[in-house]
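Below are structures written as structure tokens.
Next come two complexes built around chain A: one with chain B, the other with chain C.
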Partner chain A sequence: MFNKTLLFFTLLLAIMPTASMAKSPLLIEGCVELINIYKSNKEQRLLAAQTTSLSESLRAGYCLGVLDQYAKTEYRCRSDWFKRAKFIANYSLEDNPPAEDKLLELSCEI
Partner chain B sequence: MDGTTIENQSTKPQLNRWHRLLQFSQQADWTLSRLISFLLNAVVFISLLTLGISTLVFEIMSIFEYQKGLADISTIEWIFAIGSLFLLRRYWSYSKQTSVQWWTIVTAPIIWYGKFVLVAMLFAGAIAAVDLYEGSSYFMAALIEGQNYDQLRSFSAIWLSIYIAVPSQQLIIQSETDSYSPKSHNEQITPEEPEVENVQ
Partner chain C sequence: MKSNDRGISIPNAIKKLFGIELSQHKAFKDLVYPLARSKGFLKVIKEPMGLGSTKNHLFINEDDINKLYNAVLLQGFFADSKRVKAIFNNEKKRLEAAEFLELIVSGRQSIIGVAVQSQRLHQLIDKLKSSDPALTTKQLPNPFKELPQLSLNGLTSVVQVLLAQSAVMSEGESMVTQFLKGDLEKAYEYSCQLRTNDPYLQKYQIQIQKEYQEANEFDDLLKDLLN
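So, the complex of A and B:
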């Protein structure tokens, strides 16, 4: 009985990594995670620390870093990072989103 | 034999036949309604089961969404996993005291969860309908920005499903409960009463 249970859980854990949910490009994934942590550019959401995993927070950090760096290099891009993250995250439901450079460029136009 | 007796003799078998036909049609009608009811119940049961299982699998998969093993698990997800184990242990220990079949033990929480998912889908559908009507985007915003809260809602629904799916106490197997029931305790006390009366 114990061996069967152990075998079941082993198989389940083996299958888990192959059944990934994430399909969007890294920047879009990251921006989705970022707007799930923050509700504005200054305020975090309720229970954000408890509902966010390590891999999710790393992705959110990636998005924030890319947005910040892009704003530093592009003189005309001075809009709120939260609004730009939200703009990029909205592409997560699209099948063929634009490339990351294009997304960053478009996000500066809002 | 006069005319009326001949008439009665000829109408009696007709009445019997009519009565039998009526009985048969009533029985057929009754059976048909029960059959349709059974089929519809089966469809509802299978739909809820499918909905419950598919959503449950989706929720478990969404915990490991980035294939990063333990790094994918947040604090809430750890609490959910440990709490679920406790609730399942409780559910199993209550269910095994009853005469409920294994199939019902397995499906009862899933059916409850399917019902919760159905209600959530109806709410989501209503929000989507409002969006279509007013041209707003609340549904999309909730879908993208409210993922963590949606997960919390799902976890709560799963916990509640396991908690309330316990079988009725009336189904407890009697042989196991006799020694613990208050009735048997009273029975042990009652023999002393006549002794007291005798003394008086």
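So, the complex of A and C:
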């Protein structure tokens, strides 16, 4: 009985990381969190900290950093970071989103 | 038991009613005498102390001894003797007092330093609410294990204790309530006003201030990053 339970949990733990990775790429997840943080920050003082977990804020930081860096290297990218983050975040509902490079490229064309 | 046809002396009455030596409890004595001196409340007989003294001995008419008993009990809750007398004379005040006891006292699990028997307290409240409580002739149920007039240091009634207690509790309670409701800003304001030795509240206080500072830093960071 105990062994079965243990086996179940081991399997569950083994599946979990792949499951969350398969959900959507880090950049998309990050931009979703960035938009969320932006919204709660605008909504009310202190709210962003209260509604954001550590991992969510790290993800958001990743999105912001990547967008910022990409804009510096690509002279054609004129849209502001918020529009691009929102554009990328919208891909979170898609099953097969484009790769990061493609996403960044597309986001600059809006 | 010294009593005569003129009535019973106040110390004897208190001894008879509560088994307490009035001379040993100064604060209690200071509460009881105004009841007897108050005009028209108890039937009293004055007798000159003699030997050139202008003071009088006070004797209470035996008919009024239960009224004295009830007044002393009610003083345990409401120190103010005016308020106590009003409970006897004014039906509205009496119902108000019953309501106060029901809402404020009976819902409490504890009042620091006062042991209250809840069943007797409910009987007392019911009596006060009834249309003819016979306050002047019949003794009310006594909910106290010991009269608060005797046991509390400096504070002489349940109301005073509750006020002292609630001054601390209300700030602490408000702080925790706001925190749990998610209003960090308000919780922080309360936490700054709170002075407490309660370790449970102190932990909340520290936690709230820490979270408030972190949230503030986060807001500052976002301001730099997102604009």
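The criterion applied here is as follows: the second predicted complex is superposed on the first by the 80 of 110 C-alpha atoms of A that agree within 3 Å, B and C clash if a C-alpha of one lies under 4 Å from a C-alpha of the other, contacts with A are read in each partner's own complex, and residues count from 1 in each chain.
Just so we're on the same page, a contact is a pair of C-beta atoms (placed from the backbone, for glycine too) under 8 Å apart; a residue touches a chain by one contact, two chains touch by 3 or more.
Just so we're clear, the structure is a prediction, and the values are computed from it rather than from any experiment.
In the superposition on chain A, A:32 makes contact with chain B only, while chain C stays out of contact range.
The larger set of touched chain A residues comes from B, when the choice is between chain B and chain C.
Residue contacts after overlaying the shared chain place A:50 against chain B and chain C alike.
With both structures placed on the common chain, the touch criterion links A:69 to neither chain B nor chain C. In the superposed model, A:89 makes contact with chain B only, not with chain C.
In the superposition on chain A, A:41 makes contact with chain C only, while chain B stays out of contact range. The intersection of chain A residues touching chain B with those touching chain C, taken from the two complexes, comprises 45, 48-50, 52.
The residues of chain A lying in touch with chain B in their complex are 16-22, 32, 35-36, 39, 45, 47-56, 59, 86, 89-90, 92-93. On the chain A side of its complex with chain C, the touching residues are 37-38, 41, 45-46, 48-50, 52, 57, 64, 82. Residue ranges of chain C in contact with chain A, taken from their complex: 182, 184-185, 211-212, 214-219, 222, 225-226.
For chain B in complex with chain A, the touching residues are 60-62, 64-69, 71-77, 140, 143-149, 151-152.
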